[in-house]
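Each chain carries a letter (A, B and C) given by its place in the written order, and its residues are counted from 1.
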Amino acid sequence: MKFNNRNIHLSASAKIGKNVRIGDNTIIYDNVTIGDNTIICNDCVIGEPTNAFYHDKNYKNEATIIGPNSLIRSHTIIYSGCNLGAGLNTGHRVTIRENTCTGQECLISTLVDIQGNCSIGNFSRLYSNVHVGQLTKIGNYVFVFPYSIFTNDPLPPSNNLKGASVDDYSIIAVHSVILPGISIGKHTLIAANSTVTRNVNDFTMVAGNPAKPIKDIREQINKLTGKSHYPWPYFFDRGMPWEGKDYDKWLTKNP
Amino acid sequence: MKFNNRNIHLSASAKIGKNVRIGDNTIIYDNVTIGDNTIICNDCVIGEPTNAFYHDKNYKNEATIIGPNSLIRSHTIIYSGCNLGAGLNTGHRVTIRENTCTGQECLISTLVDIQGNCSIGNFSRLYSNVHVGQLTKIGNYVFVFPYSIFTNDPLPPSNNLKGASVDDYSIIAVHSVILPGISIGKHTLIAANSTVTRNVNDFTMVAGNPAKPIKDIREQINKLTGKSHYPWPYFFDRGMPWEGKDYDKWLTKNP
Amino acid sequence: MKFNNRNIHLSASAKIGKNVRIGDNTIIYDNVTIGDNTIICNDCVIGEPTNAFYHDKNYKNEATIIGPNSLIRSHTIIYSGCNLGAGLNTGHRVTIRENTCTGQECLISTLVDIQGNCSIGNFSRLYSNVHVGQLTKIGNYVFVFPYSIFTNDPLPPSNNLKGASVDDYSIIAVHSVILPGISIGKHTLIAANSTVTRNVNDFTMVAGNPAKPIKDIREQINKLTGKSHYPWPYFFDRGMPWEGKDYDKWLTKNP
């Protein structure tokens, strides 16, 4: 049904792995490497050149690497200079600008806009329409829910950008704004529609505009069980490396 | 000008009604039915397969139905398993995932992202960039303004999703967040940038983060007339079934 | 690498300037004029017809003008009736609806959605996913940061739309909402996640939901220098007409 080999542009310098499938109308520019078993759906652009391409006659496209076993859904644009780890799963119409690195098994959903020069760890998930400003650093097992924004300019407009950072296992709920240079610790929960103006300590839940500490995340009760839902890895493992395992045992082996 | 029959992919199993027009570069996959007089503009994907397609060799595309007299604007993606009623009008780059049902004469504007397994009634309008989480139920004559979000996970991340619901004639202003499982009554008004954390009663206006009841919507005055603007069907009928008619009489016949 | 002249549709009535480059899969409809040295990247639609096209057999596409030295990035849709000044720079997947005018050297970033009948001055910058409702007026040297929204319906739904306006040099931070008909003065700063419900005076910083005046913008200190960062033109000139010049001298010559 899909993958009819129609109207594909494939650069002669692209290196395509085994069992790779490429969708109709997709464009793959110079110096792209695609790992084995990866699927690039229709209408994608991989290895999009940076701005310099339009001005510099000697422009050479930086290497773009998409790891094996990835699924890049339709209409996604990935710039040159990106290095995206194995098992990447994207939604539709994702934009990932230059020099972005992602670890293994990340999810980057529909309409996510990563502005470039960002790093994302392993097993992290960015849901629909998340906006990641330049210089943002996102750890491992981090969930960022729809329409949340990472900013980077403390005094707009300026040339002194400061990226925000989020440490492992943290959860950022929908429509939240993370101000420039803010550090968010491990196992935090940023409530929906928060404006995070101060650093957030490990295991802290914050809410509001400006966001204030509400409680220790471990006090957040699951009404169905009467017990805390956090740290969440004890209660959620779908797609995580401890799936089907005892999290504590896994953690001991993977500190 | 448009509709030059260039670079179209049309599955042999698609059923195309009378007077249907299909735009350039559009892809129509297996088991799609398009009603009479419907226009599918350029660069659309209709009947996009679900995730199982990439893993299951015996995958069969679920039926996708687009009603008659619809206008699907360019770059829209509609997944298999959707059943979209007559007179649907979409903006550009809309994404409607699997098993979404819409009634008659809905508007789904540019960049709206419907995550699947959702239902929307008749004559409802979702404006630009509205995000509709899985399991959301939207009634009839509901207006959802840009960038509002329906969420579904009370304790993220978890596997116990609870969709929100909005009853008939309600208005959700821009940038609002509806928390998981929330019920919003009839004839309500959710003010701009609200975070709705509690159920909302019929005829109630709420505002803020968290949103609090402000007034009875019928007390919301139109400064131009000095009278209440709500219930709005007495003052707005463009595209509604009571257009050009007395709303009370129409309502008596259509309770 | 790019610009291989594949699958392009170019109306016979389009007027294409010197040294114009057009990307693969791009569609240019009737009555479009593109200035010299402008680059239209792949998968764009220029001169998209208005709604009347689908109903009116005598429809003629209004003139669409894109000034010289512009760069329109991929997947952008520009409607007929737009007049976009020289040096326009767009991101990807921008939508600009009918009868929108922009001055010189504007930036309109990825996923911006301009709803039509809007005006934007010179050297203004709309960052990712900004939504500009119909009838909005944006001045010169204005910065609007991601996901901010200009609304236009005081009593939704109604037919009495009132656009908002923003005067020169103002800064609107991320995720802000500007209510219908609001006037924002010169040299203002709207903090992140603000809901602007009242007019904002010149040189005023506002924040919150509803947004309240916080301070005179000139009291906003740059921690790195210990001095005020505002008015910002004294500290930021990249891409501005006073770049590399003394701002006061430039201002004297360009009052």
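By our rule, a residue touches a chain if its C-beta (ideal position, glycine included) is under 8 Å from a C-beta of that chain, and two chains touch if they have at least 3 such contacts.
What you are looking at is a predicted structure, and each value in this text was computed from that prediction instead of being measured.
For the protein chains shown, what form does their contact graph take: line, ring, star, complete or other?
Topology of touching chains reads as complete, every chain touching all others.
Give me the rotation angle that lays the C-alpha atoms of subunit B onto its copy subunit C, rounded to the nearest 5 degrees.
120
Taking all residue numbers used at the subunit A/subunit B interface, answer same if over half belong to both copies and different if under half do.
Different, since under half the interface numbering is common to both chains.
Suppose each chain is reduced to the average of its Cα coordinates; what separation in Å results between subunit A and subunit B?
27
What residues in subunit C touch two or more of the other chains?
7, 25, 43, 75, 93, 111, 129, 147, 175, 193, 209
State the interface residues of subunit A toward subunit C in the complex, per the touch definition above.
For subunit A paired with subunit C, touching residues are 7, 9, 11, 25, 27, 29-30, 43, 45, 48-49, 53-54, 61, 75, 77, 93, 95, 111, 113, 115, 129, 131, 133, 147, 149, 151, 154-160, 175, 177, 179, 193, 195, 209.
So in the complex, the part of subunit C that touches subunit A is made up of which residues?
Within the complex, subunit C contacts subunit A at residues 1-2, 4, 6-7, 24-25, 39, 42-43, 71, 74-75, 92-93, 110-111, 125, 128-129, 143, 145-147, 171, 173-175, 192-193, 208-209, 220, 222-224, 229, 232, 235-236, 238.
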